[in-house]
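The next part holds the structures, each set out as structure tokens.
Two complexes are shown next, each including subunit A; its partner changes from subunit B in the first to subunit C in the second.
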Partner chain A sequence: MAIGFEQILIQTVNGIVNGMILALVASGLTLIFGIMDVVNFAHGDLVMLGGFVGAVTIASTGNFWLALLVAAVVIAVFGAVLQATTLRPLIGRDPLQTILATFGISLVLQKYAIWQWGPSARRIQEPLSGNFAFFYLQYPWYRILTALLATAIIGALYLFLRYGKYGIWIRATTQDRVMAQAMGIPVPLVHTAVFAIGAGMAAASGVLFGPLGGVTQNIGLDFTLRAFIVVVVGGMGNLGGSILASIFISLLEAYAALIVSPAQAVIVSFVALILTLLFRPTGLFVPTPK
Partner chain B sequence: MRRSVTSYWVGFAIILALLAIAPLLLPEFWRRFVTEILIWGLLAMSSDILIGYTGMVSFGHSVFFGLGMYCAAAALLTTKPPNLWIAVLYGLAGALAVSLFVAYFATRLRDIYFSITTLVFSQIFYVVIFTWTDVTGGENGLAFSQPPLSIPGIWSGRFTGETLHWFVLAVVTVSFLILRRVTQSPFGMVLQAIRENEPRARAIGYPVERYKIVAVMLSGLFAGLAGVLYAVQNKFAAPDFVFFIVSGEVVIFNVMGGVGTLVGPVVGAAFFLLLREGLSRYFTEYYLIPVGIIFTAMVIFMPQGLLGFARRRLNQ
Partner chain C sequence: MLALDNVHTYYGKSHILHGVSIEVQPGEVVGLLGRNGVGKSTTLKTVMGVVRPSEGGVVFEGRQIGGMAPHHLAHLGIAWVPEDRRIFRLLTVMENLRTGLERPGVTEAKRKELLDKVYVSFPVLAERRAQAGGTLSGGEQQMLAIARAMMLEPKIILLDEPTEGLMPRMVGQISQIIRTLHEEGVAILLVEQNVPLTLEASSRVYIMEKGVVRHHAPAADLRANHAIIHQYLGI
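On to the complex of A and B.
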């Protein structure tokens, strides 16, 4: 079977675009995991909820940018409440229990989404409909815009963590929770804020993904699985590694989709995970530990 | 000490006797319900070996269950005349093979990464079974006829509601006794040592990886047995049972009933199925919303599960 050069090129760009959305999800997950050892099984469901909130806002206001903002803020607040009510009591207990608690939350959120919004997919209207012409190839502007937006959000997060006052609080808490507390940093508040940031980023990726794939209650599990694969392949708790791994995994899936059906293309990323576990259990995108 | 051991076995015998006479007293619907509790209870019990005794939460038990189911189906469809014991043998072999495969990769990781890897494997097998229509029947699954219940050379007859219940009860009881023995054996002690302090267990000199692989295989074997029982009871195998939701339910059974007790997961399965039965009258298919809330609350406030909670109450 011959695969044209055009197709390969388009799939490459597609892979990078999807990779940036995935990176947005995975970096929130990594951030939450790094700071409080909480493994958020419900992270993909926050993406899904964000997508639905965005779709509802667009349906009533017609403004994509407003929807992006509303979804991020609403889900961030929701995430803060969730963290304060269900995860805060579990701090200091066995990490298994946070897996179980967030798994319970994930079930509730999934079923709630079906109950509230029904089983059919919601499609979000893209804010930018034109095509981008590159020699003889056509490519939708919106996809390029998505990748740029995701990059901008991740970049802003990086700058905030690096230079912002509260960013330094977050990094201090990640490094040493007890010492940070001793220096007067309100650690429980930092935990809640980080969860809120992660949730808000997940919601933003849900809205960005909306025009590409549509929002259904099933995308949660998909995103959770992919984000975890990315976190393992990229090296655990490593922000740069997760971004590279997101693009890597998405490219693999995009190329695989040229040959097999998209449902089977997922298996390729699973295989990438297994191979990583076998040969580089510390992650592909980290320096070899000495 | 002596007395508590005696009262344990007396209690065990009473519960066993109650379960044995249940089909004679209960109407058709509830008899079937009790049989199902036993099958799901066996699946939950097998998963307790990992969650409760080794400290590894498996989100992939649906694979072992499903493979047991599909291999039993394959045996019943290919051998003429269908034979129950060959089906059991196929199911166990299938579950054992797949659990070795999963364990080889998944045990390289700990905590959530183990859970996610098992979940990934369950998705892989789900996709394979769902799309490989020629062999697995795809979305429709496989339907077959129930094999006769036979004890080779002694007795043979068709399954009725009662004999099926007794057969399931016998298998589950024997499995429980075996698993109980295993958890109290030196092997089981090592698993508990790994749960409590893995670096230390390794430092003492136990090959931790090998113990973990065997634990996953043991767990997968009994999960596969539960799959065979379910296939025999319902006369079909469907891809839904390989889906991750089943694995999630198994974890819920464990947490609700109390991990690390073997009996707890069976109690949890009974509690969950009763909750589902009761709540689905009001919430229809959204029963998982209240069940999920109850589950999350139990993780936070009752981490020992129903059995552990009851035990602590009794000791007060």
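On to the complex of A and C.
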């Protein structure tokens, strides 16, 4: 069967849009891993909680932008509390312990969500309804807006890390925790702050994703898994790598969906994960280690 | 000013320091000599709070600091220049220096004064301020490590083998900076393998062996009596 040029172009746009939402989730995950060697298996559930907090805020105020802000702030504070109470005592221990801890948190959050909000999906009303003609499709403007917002948030994170005082603290701590602390940087506080930033970004992704896929208590696992794949493919702890890998993996899936069904297309990301682990375990988008 | 009293330190199950007692007076340069693996670096790490002493006391300016977190110690005025330099490799030279400047009480004027001072001592750092720390040569990294410690305006610097692996010209520069710091009233606890440099720079010297201090003497005495150096260090 022949695949039209339009189809390829449409899937390219789809891949980039999905990739940017994924990048928003994955950059938090990779930041947290980079600085405290913790793989946060509850990260996707922070996306889910953010989605619910956003949905509740919209239900009472009708304002999408307010919902985005409230969800990010509420979940960032929640993330800070979570880190300080649950993960801080485990830092420096066997990675298995932090994995089990975050996995436990994930289960608790899911059960909480079903208890608090019930099993049915909440759809978030998009702030921008219209479509535009894109070949044979009516393509929603909101999807484009999502990609732009995700890019803006990631851009803000980059500028903060690159130029801000706390950005230098975070980068120094990521590179050498002990030396950073010896230079007077309050490392335990930096850890909590980074977890809060990652959680806030996850929550923002949840709100952005809400109008596209709906929010249910079980969307977390899918986000965690996909973010985990891109973090490995991009190079654990490497922010730029994770962002590139998010787009790369999402494009792969989008193109694969041209040939097989979208459900089967997910397989290509696992294939990419396995190939990366086999042939370049440090990640595809990092310079070759010397 | 700084006093270690019968300090014992363990790495996991291995007992590294077996009751070390050392004292440094304000503004004094004190040398710590010994062969590899006798616990010199561990002594400095214990002072810096990087490893916890299991027994004994560490007192800084009358305050018990044993077990305090390193970032609190840095704010009290203790700076550490570790053996392997531990430059933040992906941060630029300027950002490496900034890690010590972003603390309360550093005004814009103070910042400039501190930076100007290290740029005078180490002009090469001014030239390379926008370059990543990891791209510097060994000697330049050593200078950056010392300059970075100076950003904290420390009362004492724990200097761990600053001349290790450096060219003779660089060694001269390091001993010059030790002199300058001493003239400014900064105390230094200097761990070194370079015996002549240590004896010249320090007022007193401790010699360690197997996790304890075996000998303690004014540097002048050791300069006059080389037999002791030979006995403990085999040189």
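Note that in this section the second predicted complex is superposed on the first by the 282 of 290 C-alpha atoms of A that agree within 3 Å, B and C clash if a C-alpha of one lies under 4 Å from a C-alpha of the other, contacts with A are read in each partner's own complex, and residues count from 1 in each chain.
Keep in mind that, in the parts below, a residue touches a chain if its C-beta (ideal position, glycine included) is under 8 Å from a C-beta of that chain, and two chains touch if they have at least 3 such contacts.
Note that this is a predicted model, so its numbers are computed, not measured.
Asker: Specify the outcome, clash or fit, for subunit B and subunit C once both structures are aligned onto subunit A.
Answerer: fit
Asker: Is A:Gln97 contacted by the first partner subunit B, the second partner subunit C, both or neither?
Answerer: A:Gln97: touches subunit B, not subunit C.
Asker: State whether A:Gly155 touches subunit B only (first), subunit C only (second), both chains, or neither.
Answerer: neither
Asker: Just to be sure I read the superposition right, which of the two partners does A:Leu278 touch: subunit B = first, subunit C = second, or both, or neither?
Answerer: In the superposition, A:Leu278 contacts subunit B only.
Asker: Pick one for A:Gln181: touches subunit B only (first), subunit C only (second), both, or neither.
Answerer: Touch partner of A:Gln181: subunit C, not subunit B.
Asker: Quick one: name whichever of subunit B and subunit C touches more residues of subunit A.
Answerer: After superposition, B is the partner touching more of subunit A.
Asker: Between subunit B and subunit C, what opening angle does the Cα centre of subunit A see in the overlaid model, nearest 10 degrees?
Answerer: So the C-alpha centres give an angle of 90 degrees.
Asker: Considering only C-alpha atoms, give the closest distance between subunit B and subunit C in the superposition, rounded to the nearest Å.
Answerer: 13
Asker: Would you pull the subunit B residues touching subunit A in the complex into a rising list?
Answerer: 51, 55, 57, 105, 108-109, 111-113, 115-117, 119-121, 123-124, 127-128, 130-131, 244, 248, 251-252, 255, 286, 288-289, 291-293, 295-296, 299-300, 303
Asker: Report the residues of subunit A in contact with subunit B in the complex, numbered from low to high.
Answerer: My answer: residues 39, 86, 89-90, 93, 95-97, 99-101, 103-105, 107-108, 110-112, 114-115, 221, 225, 228-229, 232, 236, 261, 263-264, 266-267, 270, 273-274, 277-278, 281.
Asker: Give the list of subunit A residues in touch with subunit C in this complex.
Answerer: On the subunit A side, the touching residues are 165, 168-169, 171-172, 175-176, 178-188.
Asker: Across the complex, what residues on subunit C touch subunit A?
Answerer: Per the touch definition, subunit C meets subunit A at residues 48, 50, 69-71, 73-75, 79-80, 82, 86, 88-91, 95, 98-100, 102-103, 148, 151-152.
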